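You will see subunit A twice below: alongside subunit B first, and alongside subunit C after that.
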Partner chain A sequence: MNGPFKPAKPILAAAAPAPASTVVAKSNEPLPFGKTKQAREAEKALNHIVDDFDDNPKAMAYFYDLFRRVYCRGESIERDGALIGTTCIQAPEELVYALGATPVRLCNGSYHYDQIGAEFMPAKSCSLVKATLGMLTSEDPVPRIGKMNLVVNPTTCDQKKKASALMQEMGHEVFDLELPNVKESEASRVYWRRSVREFAEALRKVTGKRLTRKNLKAALARTQRAEKAFRVMDGFRKASPSVFLGKDAFLVVNAYFFDDLDRWCEAVEMLNVELQQRHDTAVRAAQKKAPRIVFTGSPPIFPNLKLPLLIERAGGVVVSDETCSANRMLYDMTAVDEWLVNDMVDSLADKYLKPCTCPIFTKNDDRRRRLLELVSKFQADGVVYQAFAGCQVYEMEQRSVARTLNDAGIPMLYVETDYSPDDEGQLSTRVEAFLESIKTRKRMRQ
Partner chain B sequence: MTYFGGLDIGSTAIKVVVIDSAGKLVGEHVTATGSLFYKNAKEAFETLLARLGLRRDEVGYLIATGYGRKLYKEADDSISEITANGIGAHEVGKAFGGVGTIINIGGQDSKAIRIDSMGGVTNFVMNDKCAAGTGRFLDVAARNLEIGLDELGDYHFRAVAGPLDINSTCTVFAESEIIGLLANGHGKGEIISGIHASIAKRTVRLAKKVGLEDRIYFDGGPALNKGLVAAIQEELGREMVVPEHPQTTTAFGAAVLARSEYLADAEDRLAGRKAEAQAKAVLAEVAANANCGTGCTAGGCATHGA
Partner chain C sequence: MSGSLEFPGAPTARPLSRKIRDAANGVDFNRFRFWLQVGFFILLVYGGFAGIDLGGRLPTFSCVYNGEGRPGMCYLAPLQHQLAMPWQRLFGEAGIAVLTGFGVFFLWFIVLNKGWCGFVCPLGTIQDWITAVRRRLGMRFARYSDATFERLSWIKYLLLALMLLIPLGIGAGYVSHDMSAPYCMICPARLIVPSFAGDFRQWVVDFSSPSKLALTSLGALTTGTFLIGSTVKKRFWCFFCPMSAFHYLLSKPAAFRLVKDGGKCTRCGDCYGVCDLQIKEIADDVKNPQIMMDDCIVCLKCVAACPEDGALKATFAGLTVFESTEAGFIKRMEKGATT
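Right after this comes the complex of A and B.
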């Protein structure tokens, strides 16, 4: 673990993940932050992620430690240039990197911030939007992002759209990145390409830099490295028996929200080396007969990995996912035809619109096709569909997804939940019963 | 003789069932969960064993289920109450020509389960986080009306007028609604049949989500309440299969599973022994012939002589 990606602070010295309490006890300096509600919430989640499982990959220590530093101890991450907050994966980060700025994804998974943000939203609204607003209104938010020069808010679901004005009221500069409602039409493609150009223009005003062929190409190379590392990691999840658990995969991609891009890539590449070894030496992360699950719906974001953790603690494995906090974020790559600025921007725009399977679009056959594809590629036995209570679009798409999967003979568990820990007991019964029914089904087939 | 046990540690009651090696029910016991549920579960199991005159080691396999299943470490295995309920209802339902949909109302939740012809769970739904329409709801209502839980059924049929509307589904709000109705001079029978109708409506809505098969099985403690059974049947528009012991179906399912797990283990062991014996025979044969490298068999060999 003494690789080249060792950051300035020697946080990687402890290769083996130690429980946070030990870390806190060892350090002599006062840690008032560790006593805050959000720090305790993060620590609890992290302890479950790390300690509830044996044989975590050693290279995961980088990520466990990163989350401990940032979420449990409130350390801030050093950044280059202007800081651009994004509220969705639909904001093309390549443009941000090209202009020497750093993007940070603001989507938040904290129940503590969810309760704070509830003040701004109607009773039945999405935990994710509430938590993001709750974080943005905090004096000292976690992760400690520092002063943002701009927040880019893609106009996706209604709640995020309306959150834009609220963020402005909180004193943030917000750029509404206009996303069309329909994906298939040519008009929407033209519209979206223009929106992306306007975003580049907004970034120019903030950074004082102009988009060039050279800087965009360099930015594409950097993000493509991340996409490549992700794809390699993702590939290891096809192995049966599993060598890598979903809870770690979610954590890795969650780290991408705020971690330094190059350092993140190095850490994932290191992880991939270890996963290859685990694969070669037939190390098992789960039992051979563990039900293999594809996770879809509202995104699990640290510390709210409640449902994936329940699945894996009950003996299942999340082998793949169709969510905007993981697979949908880094899976697709930009296909450039002509290496000229305008053509590159168009290709980039296409990458963000065409493969997107977000339920905000009118029609969403792509999402159902994608789920069937993931189930077959990753040899999954079933699908777990999470909808955050108040997330209308995911709640509405549940029916069509359930029908498609049912027709294909794939069992699905639909779970409506939020960030609160209240329903964990009941959910664990439902998850276990679902996994048991999959096991029975498999036995019958034999 | 070897026996098998199912222990269902629910939020309100602990249910224990013991079956024999043929899968026949030998005995059952129901007791309140209380606050010391581990101690109470242990005692419930021991009480039943004592009553049946069995030693603990005569129970070959014990499976725990229900919300306290994980904390009862003495069990050989644990299983979710949904799977156990499916197996139990499938077994009990055989006598009624087989069941496909199960409605279960427990102390703090209600569920609808769909099972296939083998008793495997194909789909299920549970109520939301709150206790609306569960056993706890009936408990609170009975207390407000100052009658026993077991009297609810009788009062239901004593209603002269039709059931009153109970609009609140929340247990807490329904409590004040009931008190209001009492204060306005309404009869207990009408109020109770109203409560039953309101639970029936919620329950049937839940059951429709998983789909209604020809025969619907109704179990859980509240299935002992004949008034509630009548109300649900009215809402469904047809009769249900209500077993003789609705409280213990899930524990029975766990016991049935314990038996088949034990038998599968025994078969594995037997197969292992057979394989061992076969391996020994092969090794012995090889050893007997090992003195010659030419492939000859002992006796009459050209190279080695007799």
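Right after this comes the complex of A and C.
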């Protein structure tokens, strides 16, 4: 354990993989995990994240180590109670924790699984959905979270909706959590609150436990701690020059997908202490003139941190993001007026619907306003918009977002990409040109 | 890390003004408001016993029927009496007295705006206490559907219109004098507020004339509805209160304001979730900075429940007195989840 503290729960080694050097791979034996394509993909991404940058925060060692164990060495993760897989951020995890179960987010960022999942999906489909299906169809998927008791599939975009039946065919127990397509209307609020109650009921059947005031309050306190830790970390990204890089922020929040909640909170709190020190002693993670970027669009999920990494390797800093794999997942907090089961459940339901800026909804005013607010709050110079090829909703919103940003005088780079590493060269040229143009703009203004 | 929030960029030595402001924004707001309401309740229900006299033009339910205890009068009672004067007097020399009375009421009002409802009104405070009892019992509360909300929201204006027109009708000779102070007769405060000072004389139905019978029966009915309604609906009566409508119509120049910065709003709906009056605009309207709607009682629970720095604020004569902060929000919700 290289981490700066003792974990609350150790990560257990799975079926003790032998050190790669002592193993002579025979042709009919499976490769040791460390030699598989997916382990190498993860290793490569992690090496870029760690080694391409000087002076990473020491507390990041916990996260680097976690990803190395889980993705590169294939170690499995210990779990409490029933395991509930979620395919989107809209599944209220507080309900899962309250009933003594553990949520794990299944959204996957691996090109290896993307290729496997391609079998189930049309040619022009979203890498994320393909990779998630690819992972779910695998015998022993990574991260090794164990057998899931239930997969919760919020009915968000079409591809995820239709993935529900495919996951069922693969033998998973799937609960379709009905999310409305419109979020402004009162009807949608009522409908969604009822959906969330049905979800609680489905969880009761899986866990055999009932929601009580006590267990729900305790669950809210646990996620509150995570949200607070996230918000503090997020706050440090306002600093200019930056004390913390976006690639690390993405990795931290990606760990939240599968890590033990309390251990994750401890690790982020340790990181926050270090970031405060860095802030106080004016340690810089990037150059003073580094272009500050807000990242939006399709979510970067490890190992596919391709685009954020390209930005930061080219001298930019991702100071904030509007994506469901980071900011949108942990930023919003629940307000409760009366700490009784009913009001807590309704408040939770509202939190998962109302502030959500997912492009699956009919309107995207909130997303555009959110981007403007993030640019101003984090003093960003530009926006990079990632759309996974085949992710129709993000592709469709590109025009309106570009117009809004353009009207506000904020430059935006729109990048259509997927999990394949093939376009890295081409993308790096575009990113460098974009950052260069921002630098020029800044110079001209001065 | 369970202690204080270390917010980045916060200078280690904060100036005193900043410290005071942080303390105010991080306050346990519900408790603060509870005790403030208790203080105002004591003043407005028992203040008269201590010889306090604030006059007869108060913009809140310092109920006139609470004879000895009240330290002043709710303006609605004298207003209705004045309007019932014969028209010749009303539109003659007495008109000046009516106007100055209104002027005094208006001056009182603009100080606190509808904060009179959220912090001072004894009937409002009693509803909050009933809510607290319900909460202690673990009972859930009811909400109106949107359609019901729309259907009911004009009632306060109707009551306000009747409250002004019926006395005018009396003055013109069209309506019986037994109908004087019609709103007071049906206001739950007439029965409930004096009861807190040990005076139960209003708990009667007056059979002396058909009009009085009708009004006192209606009063008993509204009081019964009030008691039942407040146990299932937060601030049940405020939704129908003509004083609330009257306030709103005069609120433009008020000193105390509820202000929203739509740019900082994520429309998460936290404010709507805690709003006793179910005001949707507080969460949804990101264009209008003057966000106090007609049903609003400026209780500022929305400000306390907003996690975005500076998205909602209460200002007094342009100065911010209380604003939403991330740190304050987290402190309050942590307390809620752990106690």
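As a working rule, the second predicted complex is superposed on the first by the 417 of 446 C-alpha atoms of A that agree within 3 Å, B and C clash if a C-alpha of one lies under 4 Å from a C-alpha of the other, contacts with A are read in each partner's own complex, and residues count from 1 in each chain.
We adopt the following convention: contacts are C-beta pairs under 8 Å (C-beta built on N, C-alpha and C of every residue); 3 or more make two chains touch, one makes a residue touch a chain.
Everything numeric in this text was worked out from a predicted model, so none of it was measured.
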{"item": "Touching partner for A:Ala433 - first (subunit B), second (subunit C), both, neither", "value": "first"}
{"item": "Touched partner set for A:Asp350, first subunit B, second subunit C, both or neither", "value": "second"}
{"item": "Which superposed partner A:Glu397 touches (first subunit B, second subunit C, both, neither)", "value": "neither"}
{"item": "Contact breadth on subunit A, by residue count: subunit C or subunit B", "value": "C"}
{"item": "Which superposed partner A:Glu338 touches (first subunit B, second subunit C, both, neither)", "value": "second"}
{"item": "First, second, both or neither for A:Gly425, with subunit B first and subunit C second", "value": "first"}
{"item": "Contacts of A:Asp381 with subunit B and subunit C, given as first, second, both or neither", "value": "neither"}
{"item": "First, second, both or neither for A:Glu312, with subunit B first and subunit C second", "value": "neither"}
{"item": "Subunit A - residues contacting subunit C, complex", "value": "184, 186, 190, 213, 217-218, 220-221, 224, 228-229, 231-232, 235-236, 238-239, 269, 272-273, 275-276, 279-280, 332-340, 342-343, 346-347, 350-351, 354-355, 366, 369-370, 372-373, 376"}
{"item": "Residue ranges of subunit B in contact with subunit A within the complex", "value": "67, 79-83, 109, 118, 120-124, 126, 129"}
{"item": "Contact set on subunit A toward subunit B in their complex", "value": "411, 422-423, 425-426, 429-430, 432-433, 436-437, 440-441, 444"}
{"item": "Subunit A partner contacts - residues on subunit C that touch it in the complex", "value": "1, 5-9, 12, 135, 138, 140-141, 145-146, 262-274, 280, 283-284, 286, 301, 305-307, 326, 329-330, 333-334, 336-338"}
